[in-house]
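Alright, structures below, take your time with them.
In the two assemblies presented below, chain A is common to both, partnered first by chain B and then by chain C.
For the complex of A and B:
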């Protein structure tokens, strides 16, 4: 996708928006549009009409003291445009945009949960990430929220109550049976709950309940220094940890205007691609398990182990690599490690031929995945899905190309897309991306610049704000960081790829067979520790 | 009869994995235990989906408010004698998330813990070592007596 230059996008916006909003080019993505809260629907509509593939990335809310600031981060032509507005704290009301862009549904629910903003006209503003029995007027992301002791007090009462979940018979139609999956369930590695309404074998409705892994990372990040935050934020997710660390670090570097050394950018690229390799192998194996093909799971995970070893070799840890730091990376790449990495990648590449053949030709695998959970291109755009899920539906989106970071601007690679949009396509996209990742790492190793691998940065970050995006294994990962000129950030917002992709599961599961739910679900590669934060 | 059940328990403990709000780091390491490189099934350790059949509860994560009640329920559903292993820094003490508003900070806040395996995440070898130490502590003690060994 050709990257449109900043001026043309800004001038188009200026022409379309006119005097309605105040356009500030170059801030928070390509431009920030400052508007009155009453105009939010109109301006967002204009932005969405500007591009067929436009969608909402995130909705950041922050406490400004007297007011609550809301920022709609919109992706248009592959670039971020932020719509900024404010509502009063006493009466934080704003019109919903869920009817214009259905993908905004969860974003609005989250802001309602954590900041108490009321989105008028929203179909269902119920709890999303906080527990059901959380105090009603306590909004954790407000600066004046008194959170001490709330957790332990509520937990005591909780442990003594009886389980609230019962088999419910639908009142409207007695044929519908409610099946509750989770929070502890053999098919789920993570504690989440899904209520599936089924009529015979057909799924009629899905109601997710997330928040079981909500650890309050965004609030905690405000109470730690920037350097401590790097370690906190990479522990949002144990799988794509380096991506989280880099997105945060990159945002801070944007505020500080730090020039990262070339060698650091290349080493970062290697670590990110190793992250992608192990994540993709993990989900492709897990998909085997979910469709009842356990041998595939065992094989894939066996071949994933060498990637973990490479991560350990490079960074010192198998899983949480802790390698990113503000201004570079924490460890240099040793010359003697390069052949070791290349050997392992060559072995993996050879094994991928076997998996390619297996995935494309194995009958039982195709029967379980082809034409299951089809997500059309239009739906993919409307629901604002990201990453391999969007690419499998034919949406050409990849942050590595749209807005290159680390060394991706200098590395040749292909974006893998497919058009079917079914479970099979979602898995094949990942399979092909493994090959691309191996190519990227090999290119990076061959073209590794010399020089320093980090620069020193001040501990106190100048006031400012920045957004940053990274293409994590599951799709576009988005961070917003606001600094108030101290050693502690004012606000950190994280929008993870799975948060954007859950609506796709809700859409594709309905109408399908209940037996297809696990395969469909796992093909989104859901990660709830990311989603809940 | 008692010695027979003890023998079976030691030679083939069935484990249940519960994520009480972990980052997936420890969880993928627990799952990695089952895969060819580590292959804990050679020790007779079997991952069991139902709490009713499990001997050992492998818990990861900080124990979020929403999960606490579930963790307690799963523990209550397990038959006696039962053992709990806390895997990872979060499950041991809360780790980096300690003090956050939805975090209880440690499995031992909700259910009694028999073995702690620290690390972020602990390597699969460390998890195997922890479970083996727990089992060997049972072997040396009298059958049916509950131990509180720390790995």
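For the complex of A and C:
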């Protein structure tokens, strides 16, 4: 693991970009580069060339009144570097970077949808999260957007987001049949649509359409206080709820420059790892269901249940734990609970031996997952894939090591990587991460510092902005928070791991069998509730 | 007067026991056994509400489906869409009628010299009708599910038939009742040709569309498969066809390898004991197939076809050759 060195990175940037942009070290990640909008391609190209593993994390757009601010958050050497630029509101045009880094595709489409920025040269700047019949020239994330009456207008209109469900022959090639997966489909637990162009049993093309559960959380967060937002943002996703809450809370704490007590950091670590445990158990079981291995599914979900009980023991809630708060956690860890947690973890560890054996040795399971949906390391980097999916392709990325938060800087643990990049590797990475998570929780319990578990923070947050990253069970979760000095945030941007991982599915599904689509898809552990926000 | 009595027994045999009514309720019972076993193996409860231990659940499901509205899609080939599920079901039941459930087939004098081939042909026709039912629904999922039924069927039909010839060779006869009877006179063929039994069970797993071969029912890939557009009574018939097929498959195993309706204990009223042994053996085979189902993940269609053509077919030919060798050289030494 290369030790990230802030000064060397900044000096490299000074050397390479100092002439064209204004570099502000230590802001929005390791550094912020302020540039003219015309230079975006050039600067991002330089940043990408600086590191083989560099990729784009997110593209945040925000309304600055006369102008629209755009922030490209680039990950280079495991650290965030933000490229900041502005375009005018009347003519919001900027050159696309999708050809330089294909992973930017969805980010640009989302910004086009919500802020009306036109990315010149983008291959397909169609609707991504908003409905097809959403009024033109109404961009919800602009501060002057008039959203009154839109919902009734949408209800009246003939909502034709679903053009065809019947058997339909493609115009271009008569042998291709359109198979539509979703919005309602047994392989998807949540509504999204993927149109598969199928020749016999081979998938020739995939067209995604997300946004079916878009709830406008980013917009809603602007109308609530910071403390209310913690609970709103937690509800973006049921499974990785604590991760969402912590990412937001961490960003606000960065703006406030709050020091979180040690005990709170350790308790947060336990809650996050419990999140990871039950999320990984869920997806490993669900993978069994998708490949027709119902017994495995039932067993794994049975063994996931004690983890939910532990979450309840620790936080008072089974699913949405509501345990994170700005300045610490809401509930202390009771001493008498520690042995209970340890007992359950020991039981789970024993059961994991059984699952390790099963996953690695059961032939029918391996036949369905090995060499299915292979994602090469190069593609993984190009498509900006995160989390276990990237690690299964051999990309060494883990926010817990790159930029330690909570108590991860003080806890010894391994990053699990594999090199195959197939569905099997993606599942095995998660299987091994469960073992690591158990180790982390046990270490945390043994080394729990004493002291307060929260500090009081002011309700009104000083003006400022911050980005924060957390390694959620599905990968790197990214939040951007901007404060304008009131009790309400100016802008909250959420980039979820599944949003970054969907391009990987599109890449790996093409050319494979239609029977492999569910197994391949579930190995990304997709969460559409996260994706759409 | 005598003529009328004979007629009564004929109707009784065809309609009540061991004919239609018995087969229907036995099928529902097997369905319950299957669901219960699968649930217990997966650490679930399974059907538990209707009747003691949920034993009436399959009947309740059937009645519920029959009482529901039926919708025929506008694009469907309506005539085929309506007829095929019922036809497939009746052909399956008809095929079971030839099996010696209580010592002789349901229609007393209907068993003939080549009824083994006839029953296998009926199974083929029923499967083809299922394909037609999916194809007629004009739905992409239905069409893909139906084509999968046919593709898979082409793979296992030949091995299945070759393996079904094993007991025929051993008995020296193509009549099902003679095959069963000769096992009673000698020993069950499972002891003589255990390899053929194992192969037959594996092939049967494919013919019954169960894991690891339940590709036409892969709901995560093809939603409902050929059943996608069906609802109400016709869906009930499709479900029944599948369940009857399981009973038929198990009954074939019993007749071919497990000694048919003949068991170690029987006295007094022979029909009772024949039926009892037959039912018990069929249940045993159903439990076995369900056990296999729970142990495996679903394979992919190309993997199944490869397995069928490259492994199962050569193996069944070898098995047949071994059987012939046994009949020719080993048998005369024993008898």
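We take it that the second predicted complex is superposed on the first by the 520 of 533 C-alpha atoms of A that agree within 3 Å, B and C clash if a C-alpha of one lies under 4 Å from a C-alpha of the other, contacts with A are read in each partner's own complex, and residues count from 1 in each chain.
The rule we apply is simple: a residue touches a chain if its C-beta (ideal position, glycine included) is under 8 Å from a C-beta of that chain, and two chains touch if they have at least 3 such contacts.
In this text, all values refer to a predicted model and were calculated from it rather than measured experimentally.
Chemist: Classify the contacts of A:515 with the two partner chains as first (chain B alone), second (chain C alone), both, or neither.
Modeler: Only chain C is touched by A:515; chain B is not.
Chemist: Would you check which partner chain A:347 touches, where first means chain B only, second means chain C only, and both and neither mean what they say?
Modeler: Neither: A:347 stays clear of chain B and chain C.
Chemist: See if chain A has more residues touched by chain B or by chain C, and give me that chain.
Modeler: Greater contact footprint in residues on chain A: B.
Chemist: So in the superposed three-chain picture, is A:462 touching just chain B, just chain C, both, or none of them (first/second/both/neither)?
Modeler: Neither partner.
Chemist: Between chain B and chain C, whom does A:368 touch in the aligned arrangement: first, second, both, or neither?
Modeler: Only chain C is touched by A:368; chain B is not.
Chemist: Please work out whether A:296 is in contact with chain B alone, chain C alone, both, or neither, and reply first, second, both or neither.
Modeler: Second partner only.
Chemist: When the two structures are overlaid on chain A, which partner does A:396 contact: first (chain B), second (chain C), both, or neither?
Modeler: A:396 contacts neither chain B nor chain C.
Chemist: Does the superposition put A:219 against chain B (first), chain C (second), both, or neither?
Modeler: first
Chemist: Scan A:241 for contacts with chain B and chain C and give back first, second, both or neither.
Modeler: A:241 sits against chain B, while chain C stays out of touch.
Chemist: Which chain A residues contact chain B in one complex and chain C in the other?
Modeler: The answer is residues 185-186, 298, 302 of chain A.
Chemist: Can you name the residues of chain C that touch chain A in the complex?
Modeler: Going through chain C, the ones touching chain A are 38, 41-44, 75, 138-141, 143-144, 211-212, 214-215, 218-221, 223, 294-303.
Chemist: Report the residues of chain B in contact with chain A in the complex, numbered from low to high.
Modeler: 17-29, 31-32, 35-37, 49-51, 61-62, 64-70, 72-74, 95-97, 99-104, 109-110, 120-121, 123
Chemist: Under the stated contact criterion, what part of chain A meets chain C in this complex?
Modeler: 166-167, 177-180, 185-187, 201, 288-296, 298-299, 302, 362, 364-365, 367-368, 513-518
Chemist: Applying the document's contact rule, which stretches of chain A touch chain B when the two form their complex?
Modeler: Within the complex, chain A contacts chain B at residues 130-131, 134, 140, 147, 150-152, 154-155, 158-159, 161, 163, 183-186, 189-191, 211-217, 219-220, 231-232, 235-239, 241, 282, 297-298, 301-302, 305, 318-320, 527, 529.
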